[in-house]
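Each structure below is given as structure tokens.
Okay, so subunit A shows up in both of these, paired with subunit B first and subunit C after.
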Partner chain A sequence: MGILSSMADFIDGLAKRHRLLPWLLAYLFLLPLPFVLATLFNEYLIDLANRICLFILLAVGLNIVKGFCGQVTVGHIGLYAIGAVTSAVLTLEPGGFGGALGFGWPVWAAIPTAVVITAFAGLIVGLPSVRLEGAYLALATLGLGESVRIFIAVTPALGSSTGLMMIPAPSIGSFVFDSFTSYYYLVMTAAIVGIYFSFSILRSATGRAFQAIREDTIAASVNGINVVKYKLLAFVLSAIYAGLAGALFAHMPPGYLHHNNFTVIEMVTLLLMVVLGGIGNVWGGVIGAIVVAIAYDQTKDLVFYFMDRPVVVQPLVFGLSMVLLVLFMPRGIGGWIEDFQRNRRFIRRSEERLSATARNS
Partner chain B sequence: MPLLETRNLRKSFGGLQAISDVSLKVEPNTVHGLIGPNGSGKSTFFNLLTGVYQPDDGSYIEFNNVDVTGKPAHFIAEQGLSRTFQLLRLYGELSVLDNVLVGFHPHTKYSPFAPFFNGGEVRRQDNLVKEEMFELLEFIGLAEHAEIPAAELSGGQRRLLALGRAIAMRPKMLLLDEPGAGLSPANVDSLMDTIMTLKDRYDLTIVVVEHILKVVMSTCETISVLDHGQKISEGSPEFVKNDPAVIEAYLGREMADEDIRAAMDA
Partner chain C sequence: MGFDYNSLLAFIIFGVTIGVVYGIVALGISLIYSGLDIVHFAHGEMYMFGAFFGLVLAHNVGIPYPIALIGAMIMTAILGMVVERVFYRRLTRAGGGYTVAGMGMIICGFGMSVALVNVAYFIWGAEAEPFRANLDYIPRLTFPGDIKVPESYVLTAIISVALMAALHYFLRHTKTGLAVRAVAHNKDIAYLMGINVPLMISLIFGLACGLAAAAGVLIGPMQSVQVEMGYLMLMKAFAAAVVGGFGSLPGAIIGGIMVGVFENLGAAYISPSHKDIYAFLLLILVLMFKPSGLLGVEAKVKA
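The block that comes next holds the complex of A and B.
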């Protein structure tokens, strides 16, 4: 508690000088990470760090629609797929391998276009939320998300079963982001900027409108919030995050996309991140993304033998931890963070009051 | 010129006629009481006025010279019609300050996308609004609880916050749905004092649904009585109190019939 408190004090002090200082510090702190990982462990961990950054973008985006606005969506992975496939297809050379579509666009034009198209798709995924709630909404969005994957899986122009290959990497001048390390700087920047904007939304009237809808939809509408507009807006904003994560995933080395990356299992993994993180808490979601992505990576190839038959451990572990989390830690890591922040506020207020009485006496 | 007018307002749920042909006028800067037995349609009436329910065909609602019949709730709120709920419906996990900030929502000047493009302007405007909301919280006595979640307030404080959230909208008219429910008589009196002070301070017109007749009789200039979805009486507190139709509605038909029979036997 002591170390955490002094760290929090330090960050608060920085933020008082300038709002962006803590963010800058975090950025500087994360800059040498690839070299640390490569030196202490191995090159592969940089690839894991890159994927964690993408998962952070996805989790933070999902948190906007599910955490802030309270809309249960299981279609987020489908938006991720749309962002990825759109950006890939736009940049591939025409007449590519296996009948895949290609438009030969520059990467830097394709990524924003993919984000815009995903935002529109997000609007469509959000439409059922106008009439449906809870489990019904989850089912509707699950259908939409999964049908995106199946569509990709059966359409040769979008890669079908072989996947899309040789997706070009982005470049600035002659510098090409085609290694794990160089790509790390791209996705890490995107993740930090994404987290920052998620806070900007949360702390504006937009974020308050989302939360009001989550807490009580009728009261929100009577308070002058256009519930339909803001629900759809939450879906669109989360789709922007998913689209960006998808597009960045497509161009990440080795530039290969397969529909297996967009299955329901991936969606459950994503949900696990947000639930472990504590629904509605941004930092919780980030920590959840890091923890679950590492756990996912570590348990991926784990198999044990039951009566000479192989049993894949991962779905068991993830399913069980989801149940245990919801039962025993419903507020997730975010709950601890909130308690910690409240304690600090309480202590600060008490100290202020004490010093005020000391002055007066 | 009434601030609020309904003509032939009606609403049925399946076979149940919850509100039938209620016509009502509320003059500006008055306190208008709405009373009636349980199930007489008072809350439905509020829900129709604020757009929570859609009225049936043939109804007409005009607020501040704008036809708001069948308009969505947020549109009606934007016209300056605010309300509280019988069950409060506070945003439990949001802080007290955030609750009143949501109440202020219709006056937000920046676009929902502004946090992306113009964070500085968002912060500048929010800080101004927060100052204003702090004044409001100080006025209703919740300023020192500004940062705690609304769910952790006491019952009386929650009622005050519901009031504060409704006022934060700077409404022209405030609909109060049983503001005193569940409060001790002393607390009800102090709550009504607060409401009357708020009325003067913010230049409000108030329509109040209340079961505690003493409160209604002492604060309202006009009272309308609903029974089985129909307006059965309207007038000054003195008039309504002595109206036989009202007495019958409250004491029950059988009892009234018995009274009549007793009178005939005698």
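The block that comes next holds the complex of A and C.
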């Protein structure tokens, strides 16, 4: 507690000078990470770090609609897929391998277009939320998300069974983001900016409207909040995160995209991140994303022999841990963070009160 | 080239038969929804487990197919009750609403579904196993226009109708069925009337899972049995339940038939490789424009 408290005090002090200072510090702190990983461990871990950054974007985006606004959606991975495939198809050369579509756009034009299209898809996913809630909404979003994947899987123009190959990497001038290390700076920047904007949204009037809708829809509408508008806005915002993560995923080396990247187990992984992080807590979601992504990577090839048959353990472990987390730790890591913050606030207030009485006497 | 009415009729007949099976699974989902106010996301896995139990009973133990069907229903019912008692009861105890606790329920069901699929992987492996059933004693139906309906389809239609009739009789004409309906209507008042509500909830879960198992065993001879069959079935049964109106039992059957016919016609006349999307399409259209479904009550809105 002692170290954590002094770290928190230090960050608070920085934030008082300028609100961007702690973020700048975090950015500087993360800059040398690829070199540290490459020298201490191996290159592969940089790839893992890249994917963690994408998962952070996804989890933070999901948190907006789920945690802030309280709408149940389980089709988020479909939006991710839309972002990825749109960006890939836009940049591929026409007449590519296996009948895949291609438009030959530059990458920097394709990524924003993909984000806009995903945002539009998010609007469509959000439309049922105007009339439905709870289980119905979960059903509708699950149906939408899954039909996106099946559609990609059976349409040759979108790279059905072979996947999309040779997706170009983004470049600035002659510098090409085609290695794990260079791509790390792209996705890490995106993740940090994403987390920052998520906090901005939470603290803005929009964020307060989201929370009001989460707590009580009817009370929110009585207080003059346009419920339909804000619900849709939450879906669109989270779709923007998902679209950006998807587009960045498509151009990530080795530039290969397959619909197996968007299956139910990915959705479960994503849900597990948000649940482990505590629904509604941004930092919890980030920590959850890091922990689960590492666990996902480490257990991916873990095979257990049962009656002479290889069995992949990972989905079982993930599914069970999701059930157990919901049952026994419903507030997740975010609960600990909130407790910690509340304790600090309490201690600070009592210290202030003590010093005030000491001065008065 | 003229329009082939015979093949249209054939597609509709096959759509109806497969749709009845969707309807049975949807019936279970509707039953759980009306009884517990939760949507059971792991119901497809109950269907899959039922199919495997039936397969084991019919092939490894060597029991005749109809008895294996009943055995699989009982085994899956017990499995469902255990899952409900051990896991879901903790959540429903906190309240049946769909606030954050309800989100917990959805996530919990989702995780349970993934966990159950992989338990099945442990036991039976990933290969698709053919379900051979000796059905020679069933007559082959021949419709006008020389449409031959295989035995397994005939049997499916017969057993499905029998199961629905039995369920209807149980719910409408027995005292326990009355208690189940009372629990579905209002749990608190049911408590006050001296009904053992937890027991009834277990019973509802058992019934629903038994129905899913019956669907699994029935569909076994038509397609092969494999571990990942539950997921698509869940989506189609959800579509059926929503189209018919959530919580409405006749609606579930009608919805199932509609989904089956819609899907078969889509596969025949639009594109067969997109077959699995049509059910979702129907689901989303109905959810957007008439969330209450054909026969359902108004969709619940939190008050």
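The rule is simple: the second predicted complex is superposed on the first by the 361 of 361 C-alpha atoms of A that agree within 3 Å, B and C clash if a C-alpha of one lies under 4 Å from a C-alpha of the other, contacts with A are read in each partner's own complex, and residues count from 1 in each chain.
The criterion applied here is as follows: a contact is a pair of C-beta atoms (placed from the backbone, for glycine too) under 8 Å apart; a residue touches a chain by one contact, two chains touch by 3 or more.
Everything numeric in this text was worked out from a predicted model, so none of it was measured.
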Partner chain(s) touched by A:A205 [first = subunit B, second = subunit C, both, neither]: first
Partner touching more residues of subunit A, whether subunit B or subunit C: C
Subunit B versus subunit C as contact partner of A:A219, first or second or both or neither: first
Touching partner for A:G243 - first (subunit B), second (subunit C), both, neither: neither
First, second, both or neither for A:R345, with subunit B first and subunit C second: first
Subunit B versus subunit C as contact partner of A:G284, first or second or both or neither: neither
Contacts of A:G83 with subunit B and subunit C, given as first, second, both or neither: neither
Which of subunit B and subunit C A:Y230 touches, first, second, both or neither: first
Touched partner set for A:F197, first subunit B, second subunit C, both or neither: first
Contacts of A:P168 with subunit B and subunit C, given as first, second, both or neither: neither
Subunit A residues contacted in one complex by subunit B, in the other by subunit C: 218
Parts of subunit C lying in touch with subunit A, wherever the complex brings them together: 33, 38-39, 41, 87, 90-91, 98-100, 102-104, 106-108, 110-119, 121-122, 125, 231, 235, 238-239, 242, 246, 273-274, 276-277, 280-281, 283-284, 287-288, 291, 299-303
Interfacial residue positions of subunit A with respect to subunit B in the complex: 197, 200-201, 203-209, 211-212, 215-216, 218-227, 229-230, 233, 280, 345
Interface residues, subunit B side, partner subunit A - complex: 50-52, 72-74, 77-78, 82-83, 85, 89-94, 98, 101-103, 105-106, 108, 110, 112-116, 119, 122, 126, 147, 165, 169
Residues of subunit A defined as touching subunit C within the complex: 66, 70, 72, 74, 127-128, 131-136, 138-140, 142-144, 146-147, 150-151, 154, 217-218, 264-265, 267-268, 271-272, 275, 279, 306, 309, 311-313, 315-316, 318-323, 326-327, 330
